[in-house]
Every structure is written in structure tokens, then in C-alpha cells.
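Here chain A shows up in two complexes: once beside chain B, once beside chain C.
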Partner chain A sequence: MVHDRPDGRNPNQLRPLVCARGLLHRADGSARWSQDNTIVIAAVYGPKAISGRRENPARAVLEVIWKPKMGMAGPSEREAEFILKRTLEYIVLTAMHPNTAISVIIQVVSDDGGALSCAMNAACSALVDAGIPLKGLIAVTCAVDKDGVIYLDPINKEEKEFHGHACLVFPGKPMSSFAPAGLALDSEPIERGIVTSVTKGILSAEDYLNCLERSRAASVKIAEFARSSLEKAQRGVELVVAS
Partner chain B sequence: MSMTPSTEFLLAALREDQRLDGRKPFESRSFTVDFGREDGTAEVQLGQTRIMCIVTSQLSQPYPDQPNEGILMVYTEFSPMADSNFEGGRPGESATEVERLIKRSLRDSKALDMESLCVLAGKAVWSIRVDIHVIDNGGNLIDAASIAALAALLSFRVPECSIAGAERQDVIIHAPEVREPVPLIIHYLPIAFTFGFFGNGELLVIDPSYKEELLMRGRLTIILNVHGDICAIQKGGSVGINSCDILRCLQIASAKVEDVTSFLRKAVEDYELERTQRRVKKQYRLFDAESTALDIDFQGNYFVKDDTVANMLNALVLESSSDDSSETEDAVNISECQNLKSVKQEEMKAQKLPELEPPVQIPVQQFFSVRTDQREDVDELSMDIVLSLNAHDFEDVQESAARHVHSRCLVSESCKPMSLSQHNLQIDDAKLRADVGSLKSDGLPSSRNKPQSLVDAIKWNNVKSKKAAAIKARLSLKNPI
Partner chain C sequence: MEDVSSRGLHFQLSDSQRNRLRKSRELLREAPGNYHPSAFVNIADPIHVENEATVLKGHGTQVLDGQLLATLSGVVERVDQLVTVKPLRCRYNAETGDVVVGRITEVGTKRWKVDINFRQDVHLMLSAVNLPGGIQRRRTVIDELNMRSLFEENDLISAEVQSVHSDGSVHLHTRSLKYGKLTNGQLVKVPPYLVKRLKQHFHNLKSCAVDMIIGCNGYIWICAAVDSLPSNPEIEKITGDSGAPEMDSCNESISLKVRENICRLANSIRVLSALGFLIYPDTIIDTFDASISKGVAIKDMLGAEFLVMIAEREASRRTKNNYML
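Right, the complex of A and B next:
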């Protein structure tokens, strides 16, 4: 069966990814993540002092602010903030900075489908850029199900025609600091499990499991990309420092 | 957390005409303007300040006391992203000040033509909404915001609408694919210049940076245009300044406004060129060089998309025939793009040609306005161009370009398409190779890696189009027609 996507990709293909870090001067960490026409900028401030009833003596408080491209923030923005907060709480080692706040601010520059997953990827990169201690990275992809066919990384047009839509967050591949000689039978020591799953519309159980499998495979690619982009940036810094 | 610099140090330095970042007192920072993918999005970077502006439009009812004029709304968002002291929610007084200044300079001084936004007097007018997001606060938000708003307005397009219905009361808004949206009418560009005052009002600087803003005692903003008209003067802050100092600021601002205006206009022009190229590319996005899907099952893809090729070519013909100037511009850009064909697409072209169906020929002919007896060559030419448009590979350019040029020359001799021959169809092989070589060695980021930022992408396109324009100029000198 020939699959016809408006931008000529096949169902298993992701849009080209671009990640730029450290673009803002005031923020402690920032990243701009773009998946073709969906571009999101994330900025991180923290850990910074917080006072009042919000402070938690055991761990850092994570707050997320989502700024839409235009207009005031409404209930869907609040929902996105909440989802992001819970997802990021999984990877940030909040116990290392008690009595502080870490703010993540997301600005949507343009939205052509998959803004939530793009924002999560951007937030993760921004947290790395800010030097906030993390347990691991996350990689987020979305999938759309139409007539039993799973399309990865849908654009706006495809999202409108979907039957079921899933946004899935997976833990990125952990890289151990020592050679894992005989650590595991599995050649890829990926943490198994889903961090967050947000679905919309109707998905049959089988389709959802298909989505999971496809998205997991895609998330490995995204995690590799994020990691290599970070390494490249670090190497650039090292070169500058060395010279 | 940045330390607040000491006032004495700043004043002492200023008395010796030195600023904290090494500038002279009347030296502004240079700025860059980047445009987004959609019309009406612009991002301006002025030193460490980064401001993004988005313009959208909506049809709405006019104000009762101005039934013939459109509506302009400006919203400024001092995002918490820009500064940890900024709070979300309602804009504070500085945000409101920026908002009002921009709105006054655009609407009250009649820079933006509001009457052209009227669709049906008293019933339907375009309401233009300008959203200014401050992303990074590096000082002098007003100037950067004014440039960002202007850049976004210059690049914005309003959808075209027509009046229909029995009583001529219904408004039909045409989708951008059906009718090309129209740009806004902006008579002149009001540019803002902000000055900061220190001490007792005797020390002036232009374009204060973040640290200077923390310590300055007063601020003067002058908004003027190239013709010397003052659109707004706004002074705030506790310290009083001499009237001759104000005049001095006016003189300095009027000296700088021309550079800023020409830079802004040039950036918008480059964006327009890139936009036209992209519009043409979009029609042929089926053959995207980046997508590996074509390797896997391109045969399948091709067969499915036969009709869609015809439809898209038809659509392109409709578009281009409605506006003559855009047609020639498209032809120019196509011939510029043809320099970038990749080897992969060469192979695909060789395999795909026999399957081309007759219905495709007709719109192509209209587009290229060729004689009917040269049908096959035209198809070859059109398919070449169809396939070449999305190439990104500089690596293979030389060999494929040479091969390409050879086939191009054959075609041009046989059928001499009239609109294209004025542009660079008769290409000198060696000349093209030399130009291509110089293009490649320009130190541009290799196209295999996607540009890391929008700035790089725009720069890359700018150089590309400049080179293409140079090639075109050189060839038109060679072949005066």
C-alpha cells in the first residue's frame, strides 16, 4: 500500500531535527528545537531562590510556563504546562536542590503539528544547557493513527484528520561511564518503560501498542541526535578553551 | 545572577567616552533580522536583546467612529524567558509603554495605511494583531521591538478577499493557495532610537545595554523616519535634560535612521526572494532530496503522484498566470535552483521520463510559453526543473551541473522558450563550473548538515541568491536580448 503524506515522507520518517543551545544570555539555559516547521524555544532559570508557601524543604519545585505564539494562555496551555511539569519531574534530580525553584519557560515560535513533543525535547536540552542535574534524557515523539496505519511525527494537516493521536515520552539511552562488559544480554541498555503518554481520539489497543513500538524506535534516533548535538557543543567549548 | 556594576565606575568611564561594553557613547549595537517560515514572523537580535514579533490578521467589525479604517492591535509580552524579574500575566508599565509607543508610531502617525484594510465599509475590516515577545533582555527593548514590529509587518501578507453575494454584502476570503495574499501598505518606517541619561542629565548614551539600563536615571525615545518626520518623542525618568541635549539627540537619531532603514529593507527584500523560491519549491516537494523514502520505494511514490504532479503544475500555472511579474521571478529562481541538482535526481529523472502522461504537458507549455512542436524537449526541461528544485547537495553540484547544463543547452537550442531565454538558459559550461566552484569554496556550511540556526540558513540563502544574481548579471551581459 502506498502511503501519501502531504510532505512526501513515508509513515516511519521523522522530520529533520535542528537543535541549537545557549542562544539566550539572561537565561541559565536555553535551547531551540525545530522539527521542520514546528519550532519551540525553551529557557530554564534555576535553581533559584523561592519563598512562600510554594517552597519545598525536601526538593526543588519545578514550574513550567507555556507561552503560545499569540494570544493569552488558555486551558490547553495549562494542560501542556502540567504534562511537561510531571514529565520533567521524572528526570530532574530535584532532591539535590531543596528549597529552590527551577522555571522552564516554553515559547512556541511556530506550530506545524507536534508542538508538545517538540517542547519537551527543547525543555530537556535547555535543562542540560542550564547544568541542572538530570537522571537521564527524554525523547518524545508523536504518532497518528488513521485507518490502522501509524504515521510518525505528524504535521498539522495530518493531526486534523487523525482517528487517534499519541504523544509518547521515553527515557533516552543511558550512557554508562564505564564499559559495560557483560552487563546485559541486550546490546542496547535502554531503560524500558514510558515516561508519559498522552492520547487523543480513538485508538484500538493493538494500534496503541503499534504506536508504542514505532515511537520507541524513533525515540532512540531522537535521543541519539540530542546526545550527539550536545557532544558537538561540548567539543566546541573544549576547543575554544584549549586554544 | 549578574552583578550590578557600580555607578561611579560607569560615570567615570562615561566621562572619558567609554562604555561598559567598549562602545562610544553614540555608537549603537548592530542588529540582525531573521524571518520565520510563515509570513509575518520576525526575530530581531540587538546585541544581547532578542525580540520576536508575530503578525496575524482577522476579519472583524470596525470601530463605530471609524467605519472605513482597519484595526491595529499591539500586544507586548515581557516573557519570563527574557529576565527572571519579568513576571507572566498582565503586562507591567514598561511593557505597556513599549506597546503604546509602537502603536502610536504605526497608527497615529499613519505609517500603516488603515484605509486599505477596509473590506466592506462599516461591516468588515481587517484587524491586524501584532504580538511582540521579548525573549532575551539585553537592554533597549523599545528599539528592538520597533524594528521587529516593522520587519514582521513588512513581511506579512493579508489574504485576498472579494465581495460577492446578491447584495454585495458577503465577503469571501481566499486561501493562500488559491489567490496570493497581498502585502500591507506601509508608507514609511518609523524607527525608534533610545537614549539613556546618567549623572545629572549631562551624560548621554544611545542604545543602552542591560547594565546601563539598571543605572541610568532617565530615558529619551525618539521615533522618526527617513524623511525626517518625527513620529514620537517620549521622555521618562527622574532626571531633567537640557533642550539642546534633546536637539543633539534628534540630530544623532536622524543621522542613524537612514542606515537602519536601508538595512531593514534589504533584509526584507532578501526574505521576499527566499519566499518566492520556497513557494515554487513547495509545489514540487514530492521530490525532496532529503527524504530517503524515495530510495526505498520511489517507483511506488512516483506512480501514485502522477496526477498530483499534474495538479500541482496546474496550480502553479494558475498562480503564475494571475500575476505576470511573479511568473518571471519564478522562472528566474527556477533557473537559479537548477544549479543545485543532485546525482540521485538525475538517475530518477532518467527512469521517470517515459512515464510522463500527456495531461502534464499542457500547463507546462503555458508556463514556459513554448512552441507546440517541441513538446518532448519541454517535458524534459520541465521534469529537469521539477526534480532539481529541492536539491541541497553541494557536493555533487559540479558534475551534475555540467551534465545538466549540457542537456539544458540542447533544449534551449531546439525550442527556445521565450520567458526563460531572457534569463540564463544559454549557459557557458566553463563559466558555470567556475561560478559553481566559487560558490562551493565560499566556506558555506555543507548542505548535508542542516543549518544550525535560522541565521545560518538565511545567510546561506542570501549568499546563494547573491551568487545566482551575479551569474545572471554576467550572462545577461553576454547575451543581450
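Right, the complex of A and C next:
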């Protein structure tokens, strides 16, 4: 039985995406990613000098700071920082810049569900904007599950009511099609792999795999959107004009 | 022309000015000498090469499963067998032999730490500067204790990159009379990718009595020309000072005309960086002359009208002379 969603979308529909790059002047790279009412700004500083015990002579150190919209940062923010750090370490080529630090700062402007996935998309765009070498791009979606039906890109109301919640990070597909065999890691093509999966609540194994399939399809759309927005940013008029 | 955003400068454009700017930008995009659209790549895009085995993989590329992928988003540059991806925006990348302008941030044991808009603070070793007195000798403990008399915190210096080490640290040196502490002028910061590496980074503009140092790191120093100052160059011969002529930090008083020239030049550089044009002496002097011939006041140079005018000038110049390129 399929419930009606509060905002009238069907279960497989994502919210409209908007991405703006280069909004912060002092940061090396910045991006604002909005999915309707969930807006997150990511700023990247680096690679920059790091001092003392924290420096690693073999690779760059990635640090993430999550600033919630209201109140002080607490344990849930620390958890989000940790998840982001591990995900971004997968895509950033940290061995290119030893003895430096790359700081990613996430500011939640408004949260209407799916802030973690929004933040990860924003962080990836900001890293590209800063000119930091990356292995590839990521596309993040989340989904909730109720009575076996999967709803993609939930808003706050849905997240509170539903039983299971999953946030999934996939590698963005490369533009050209590789040979049908594709890149393979233990016979599973890399484009179809998962980078990170964060789940909350109760999900049966079947529902989780269902979730995976739907989210993977949605992530392709998100990756395409990110790529086209990047191409537009490369060639568009970019004077900061106050109208 | 590279498409870059001007960070930090806001312009209020009226609708007609916006249209004119858009038209100029389109002309510039079509003009020869610009990048072909196929040269732009995004991260994880494949780069087409004939033979992957013989190609030298430069910065911004990686090999995955026999395919050459880009790790940065930018333009592909091919020089013979070398393929690199140049990102559209990034921090300054130090290379040996670059002339840079930097600010001392720290005085440490036997070295100074200098900020040159690089990823890390770079070092200027005590053994890499010219000591007052000019003779070559070993640096003693007295020299270490007197480091502050040479350069202090927040001093501006010009130096050359001596070496870039494998762990990313960079060492500078000022082992020439033309490098050293900078006084009597103004610093303009532009994005480092707008400054090309040229044979000469020290420019003397005799008609304006102004000296210009275009640092490869995007810091540009404009100051009153040394010979226009009232100080006496004989004095340094008498005392045997072989460092820069003014080693003390007090600035000389400069005439109003020279000060105006300095400000006008600094504003021309700011306008060029806002439009994303490459910065080198010819373009700076051209913009400077245009502002004088059109009678633009110095404070109006950072306004929208002058900006649009410079863009139109460049667009018309490139499309008119395309057969001469």
C-alpha cells in the first residue's frame, strides 16, 4: 500500500536540486547544495599548513567541521563529521599533498530532511571548486522505508514517521561508457559499488536491497546534475554582480 | 581569456552595461587564442591519447585500467608527450626560480617563515640572505640573534624560490641585490593563475616613475621608483651596504603625482583581475593609458562603466586583429 507523500511527490521522485559554486570569497572552494528546503553550504580550505602532532608526513589530513543551524555541536554532529571524513577520504587523493591539512566546513542553513546526503553532495562540489585532486565524484541519496515501500529523498516529517532510514553514497559515473566488462573489483563493477551506507531504524534485508537499487538509479540522476552544473560553472559568466 | 570569478569585488551593473559585458564576453569566447570547448574536462573524465604507454602523465591525471582519467576539473594541456590538466582555480604552485613577493609571518631559529599564498608557509633560511656588509662569511650566533634587524614580522620582501622539496616544503633566497625588503608602495593581491611566468618580473615604468614587481604567487608590488626618491645612493657606497638600498623600515615621502600613478596602476590591475584577463606589463600599461586618455578619475576606475569599457576594448582588439595572430 503506497501512502500519499505530504508534498505530493511519488515515491521515486527527488526534490528539485540547485547547486551554486564559488559563493565564499575567502575559502579556496565553496558550494551550496539545495534540495528544496534543505540547504547546506560547504567550504573547503586547503591544502594548507598544519602544525605539530596532527601532521602526517605521507598524506594530507582531512578534517570536517559540522555546524548545525541552531545550538551547539553535539554527539550527532560528531558522528556526521566522522562519516563525512571517511567518505571524503575515499575520493580525495591525499597522498599528493603530504604535511598539509584540508578542512571541510559544513554549515546547515535549513534542514527539511536529508541533511547528511545534502552535505556530502555539497562537500564534493566544494572540493572540486577548490581544485583539489579527486579520484572521482560521489552522489548521495537517502531513502526511508515503511511497510516495504521505499520513498526516496524524504522530508523531515517522513523521516520521523517511517521505520527505517538509509543514506547511501555511490561513486558518480564517469561520462564515457567503459567497455562492457567495466572496472571490476572481485567481479563486481566499481561503478555499481557503494562508498558509504548509513542506516537507522528497522530495515529487513530485502527492503535494504530494494532501497539500494532505487537509490542507485537516483544517484545516477544526481551525478548527471552535478556534472552539468560543473560544466556550466566552467564556462558561464562568473562576475559577481549585485543586481 | 580564462573564465574565472572575481572574488571579493562587487559591481553594480545596470541592464545596458550587463548586456554590453555579455556581448564582449561572447566575442572573447569566440576569438582565436581561446580554449576549445573540448579541452575542458571534469573529474574522472577520460583524456584521449593515442598511446597510453608512451604518454607522460603530468599533474591532474591518473591511470585507471589502461585509461587516462582526470583528477582535476580544468583544461587539458598537451606539450609534446606530456599531458597535464590545469585547474581553473587553485592555490599558487611554487616552482624553482619563481620570483615571489611575501610577508614574513614568523622569525624562527636560523630561518624566517614567509606567507606567499602557498599551501604551507615557506622558509627563508638565514644562510640564504645577503648579510649587511656584503661579504660572504659563516653565520655566527650573533647573526642569529640579530635576525630581527634584517627582517621582522609583517615585513614585505621579494625573493626567489630556491628549491621545492619532495615533502612539499619550499625554500626561498634573496641572494641578489634586487631582492630584499620592500618599502614605499602598495601591494595588490590577484589570483595566482592570472600571472604568467615571464623572463622579467621587475619592471621599471620610467614615464610614471614607478617600479612594479609582479610576483608569480599573485602578489603584485607597486612602489615609487628608487631613483625618484630623495635619498642619496652615494650613502650606501660609503657604508658598504650591499643589501637593498633602504634596509630600514621608515618610508620616504613621495610626491602626489607618483602616488596617483601608483593608485591608478593598482586599480588597473584590480580591474584586469576582476575580468579574468592575464596580468602582465603590457596589459597593465594599456589599461592605465586607457584610463588616462578617457579621463577616468582614479576612484571611478573600480566602477562598472570602466569595467565594461575595458572588456569591450579587449573584445574589439582580439576580433579585429585575428588575422595577425
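In the analysis below, the second predicted complex is superposed on the first by the 217 of 243 C-alpha atoms of A that agree within 3 Å, B and C clash if a C-alpha of one lies under 4 Å from a C-alpha of the other, contacts with A are read in each partner's own complex, and residues count from 1 in each chain.
To be clear about the criterion, a residue touches a chain if its C-beta (ideal position, glycine included) is under 8 Å from a C-beta of that chain, and two chains touch if they have at least 3 such contacts.
None of the values given here were measured: they were computed from a predicted structure.
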Practice task
Figure out whether A:Asp4 sits in contact with chain B (first) or chain C (second), or with both, or with neither.
Solution key: first
Handout entry: Which superposed partner A:Ala20 touches (first chain B, second chain C, both, neither)
Key = first
Practice task
State whether A:Val109 touches chain B only (first), chain C only (second), both chains, or neither.
Solution key: first
Handout entry: Which superposed partner A:Leu230 touches (first chain B, second chain C, both, neither)
Key = second
Practice task
Could you tell me if A:Gly131 is touching chain B, chain C, both of them or neither one (first, second, both, neither)?
Solution key: second
Practice task
Quick one: classify A:Arg54 as touching chain B (first), chain C (second), both or neither.
Solution key: neither
Problem - Shared chain A surface residues [contacts with chain B and with chain C] - result: 25-26, 48
Handout entry: Touching residues (chain side chain C, partner chain A) in the complex
Key = 3-13, 18, 21-22, 25, 37, 40, 42-46, 59-60, 62, 64-65, 67, 69, 71-74, 87-91, 119-121, 167-169, 274-276
Fill in the blank from the handout: In their shared complex, chain C is touched by residues of chain A numbered 22, 25-26, 28-29, 46-49, 57, 93, 97-100, 128-131, 133-137, 172, 174-176, 178, 183, 227, 230-231, 234-243
Handout entry: Contact set on chain B toward chain A in their complex
Key = 36-38, 41, 43, 48, 50, 52, 54, 56, 75, 77, 79-84, 88, 129, 131, 133, 135-138, 210, 285-288, 290-294, 296-297, 300-301, 303-305, 450-453
Exercise for the section: Could you pull out which chain A residues touch chain B in their complex? Expected result: 2, 4, 7-10, 13, 16-18, 20, 23-27, 30, 32, 37, 39, 41, 43, 45, 48, 65, 67, 69-71, 73, 103, 105, 107, 109-110
